[in-house]
């Protein structure tokens, strides 16, 4: 292994992951996701009503918002005010799409679930932590709906988790932290469901390109990581 | 006491207050301030350079930003995007003015301290928690500057703390929670320094008006509360 | 008196104040308030309907907007375009709150009164002139409603007036002009009703702090000033 | 004359016009232009420096801003906030172009004159009042520059004035008020210099069209009006 | 002729004009207008419903939007994002007014026609090309409505075309290209209907002024140009 | 093949693709890319200077902007004004990343290439047409730099092309048109270089999920498509 991982992990080793549930009490569910040095507060709020295009369709909706607190990075970043950066929009659309794959919107009824992912501290993997922790918050919020008798049966279809993999100096690494994310020639974000089938794949060659073989190596490693994440999710749900 | 406090406190009793320091590691200092059911993440970031009007003045600057996470309230609130609400602007200007009273900007040198107060959970008193917790974060960040030899002597002038008091059904109450804030005929936010001298007083009659005598009763109670806050601050600094 | 007032006034002396009524004819009422060298055009417009949160409540609403014309100051200031400054939002919220204390919104019925305060020339005290002149415009507009038989009885509860006081070099001064506002160590804006009871108190130590005793001295002086303002208001209503 | 003018004027008769100079003292020059029931506060402010495209060109610049106070019309209009209306942009560009024709920007030196035209009360003809009153303010401000020795000789080239003419039920009318502006089939805004030569012509058929002959009739009437305006301007400069 | 036209044209000679119809198929009508080196894509889209002020009036509406692609000019221009430039707003309002003169909105019924004029390549005359090509697109879109039986009779009233004329070194030129537009002392945009009556006249002296006689010379030349345009329009409609 | 392709193509058959070069003359290069019924105007503009983060680095930059003309779709879409949609930001970031993989920014020198992709007509595949046509425009613009002697050797590294593939009713299809894009359970956008190595992979399960095997089937088909695109590009460069 030519690249030495800053925190001494093996190639295929995940960072530590703790879901601190009920972190705040104002949202339907609130999970502070500690993923290595990345901390993302994932909350799920459920409100009656749906966007205009779904009114009277009987179908629910799930949307997501993602922000980095200014102090989440070093140095401090300006708050996004007038114009949401492309990156922020890209990530919150990814979170939304990924978690919509976890739920039967028809069975949800005309409600809107909003997943808020606010990054308190960023050490790369904020989008995968938002999806993986967001799934826990989503499930807990839906469980409350069930307990309150608001829905008769659970609309949840399948667990969803996400992990990053990368190609650094020709080798494939699982779950990149920030230094690795910067050094990676290629980084891949992979979202899978409970059957380890693909929901989203986003791969980018920061420089050069990558072969089909390297693509499959990265996907193999991602599967391994996601298996571990699915298990951790089940422990807290 | 005709008004019964929802959490059973006495008239002049503060809510519990815990400063959870080093909550995140990316900012110079980070204090999660648990004040009753209100949780505010106060961070202090220090960056070289000052606003244009202070360039080459040799003087530093301190500014503050305040936001409520959407899930901090029930129901969920929209994120402030294009137009900052008057309330948000008012509060972040109050935090800035109050904490500028805690530091000798000349002794700070041409640096800018940014205090970020992000409300994770709101149960009233978010502005006073931002000031009181913000002072702890400010002091810890300045201590780091000292340890790093960036400044020769501490620019800190005096502790600063803030508390709310209110008039409900003719009686004066210390440290209002949300139901009390809604019920109050008058609410007063008071910022004092280490000598219990006034830095800011903001009093508003939500309905009717209040006498000079009631004003002084509220200020007496505020002094009592701020003494307790100053003591709690010193325990963690 | 160590501080010499630029215009030679005594410590407790107000600047000249003239309400030039019916200055424009397009609004329900229009009062050009000449307060020393400060000129604020205060208009009251009344339109059917209320904000969404009051629809079908039977209750009226009063809101205020405040702006400085670019040429009101030296040098000329940019017009506030995309982002209202914190100061502007703070002042228009203060004007709104203060003048809502002058009127029984229930008795007003589902109408919205908009007080516009446009500063044509600024020499400090623009917010207190907006409130004091705004009350005259409000009362004249309501009188027209009465004359037009739109309301059966006057919804006006109490006169409202506002004045500034300040602490300069340890002494208390009534009704600060611009040079005094800049020099003040502490400035206090006080809003009182007809009974000289408090509606709003906003006090800020620009540097250092101020004692409870100094606070009461400033409030005593404010009372004196507001008595004079209330009398002047009655002369034109 | 089939159309009866609401205020009884003859076809070719102007409304009353009074230039109330030195209305405010904060700007270099300030002229409250009372034109019939239209009141526009025209101020001229002069600041060092020019827009980027003129830096180091030795040439000055003149720009204009135009706004309607919300209470200037019945009913009250929203303040233009995020998006300047096309009408506002069109008018302030017209004022800028027209008054740039009154001054030798090269002789002005690298300064920027900003003409602010704030409509306090609108009864049509606000753009022509802004230009005609704006010229008076511009000239007075330049005279001050001369008195202060900031410029050696006056950069003023020629007086500039503007008037509206309209076609109502086949007849041509000079200086339309609001009801006439609404009724007009065609309205023409004409800007001329001291020699009654054209600087700007803007003619619009609100419905139908107009002939070349009608165009010339309107221009004849405009010349008559502008002669009167030029004379009134000279009386106050 | 002291000014030599860059492309060798005579004083009163138009540039080449080709209407490339059905350029795209997604809009109701789409005309790529090649006018000398200026290329404007004019499309007409028709959607049910009208702006709020016309709801239930039985009357239709026509509006226009105008933009320059960034690569339409040399050098490339920034896309207009937050704030539409005054020029853009002015031109799209001119296009809207001009083409509303071509159609009986009452006969159109409660529909909204949107004319989009996107400048792919700019060599001056973009607004006149937008109007002249926009009329062709409008007419073709209305013809489709007729063919689909959506309207019983054509709401079209009259052809509309527009051309620019200018005064360069004392002489009048028809249909200015970009170098001529920059050199012109005066430029006039003229919109006429099928009877060569005036719909809009916008004349601006970039420097100096122009006489009534020069005005009429320019209008004569414009008539000649518009006759040619009307003929070309009829060939493709 | 259960799904019948609307235009009768085979599973692995591309739509027709024509690069209409030199479509406009104002940009350094301008290619109207006709890809089936999708028409995208791809231009490349080259301006001196680089973004702030690259100043004095000796390195050039390439960025991209993507917009849909309102009339490009049925029905007409609003122009994106204040807030760029997440989709637009996502696509223009993808185009930028993809085409930066085609060029050695160091060899380009401190210049900025801006690729503008304006969709005149949309029938799905607008992002892949923007990348594939954008590469042609980029190469032609760079060739001009070479001819003008602005760069000594070509900074171009490798051709880049992109294509979409999709999973509809269990079968994999190459180069989806709009109806297919709507019907697809999974759609994948693939960007490859001259060696058919991967630069970007973006795959989304609109509903359900997809297996690793289906992923590889789609990538195989993409390779086939990209080979054809690379050949077509070479014919016009």
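The letters A, B, C, D, E and F name the chains in turn, as written, and every chain counts its residues from 1.
Here is the rule we use: a contact is a pair of C-beta atoms (placed from the backbone, for glycine too) under 8 Å apart; a residue touches a chain by one contact, two chains touch by 3 or more.
If you're wondering where the values come from, they're calculated on a predicted model, not measured in any experiment.
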Starting at chain B, fewest touch steps before arriving at chain C: 1
Distance-maximising chain from chain F - centres being C-alpha averages: C
Maximum centroid distance from chain B, chain identifier (CA atoms): E
Superposing rotation of chain E relative to chain F, computed on C-alpha atoms, to nearest 5°: 180
For chain C paired with chain D, centre-to-centre distance based on mean C-alpha positions, whole Å: 33
Where chain D and chain E are represented by their mean Cα positions, the distance between them in whole Å: 28
Centre distance in Å when chain A and chain D are each reduced to the mean of their C-alpha atoms: 59
Chain B: positions in contact with at least two other chains: 82, 84
List of chain C residues in touch with chain B within their complex: 83-87, 89-90, 92-93, 97, 101, 158, 188, 192-193, 195, 197-205, 207-212, 215-216, 219
Contact set on chain F toward chain E in their complex: 23-27, 30, 37, 39, 41, 43, 45, 47, 65, 67, 69-76, 79, 81-82, 84, 114, 116, 118, 120-122
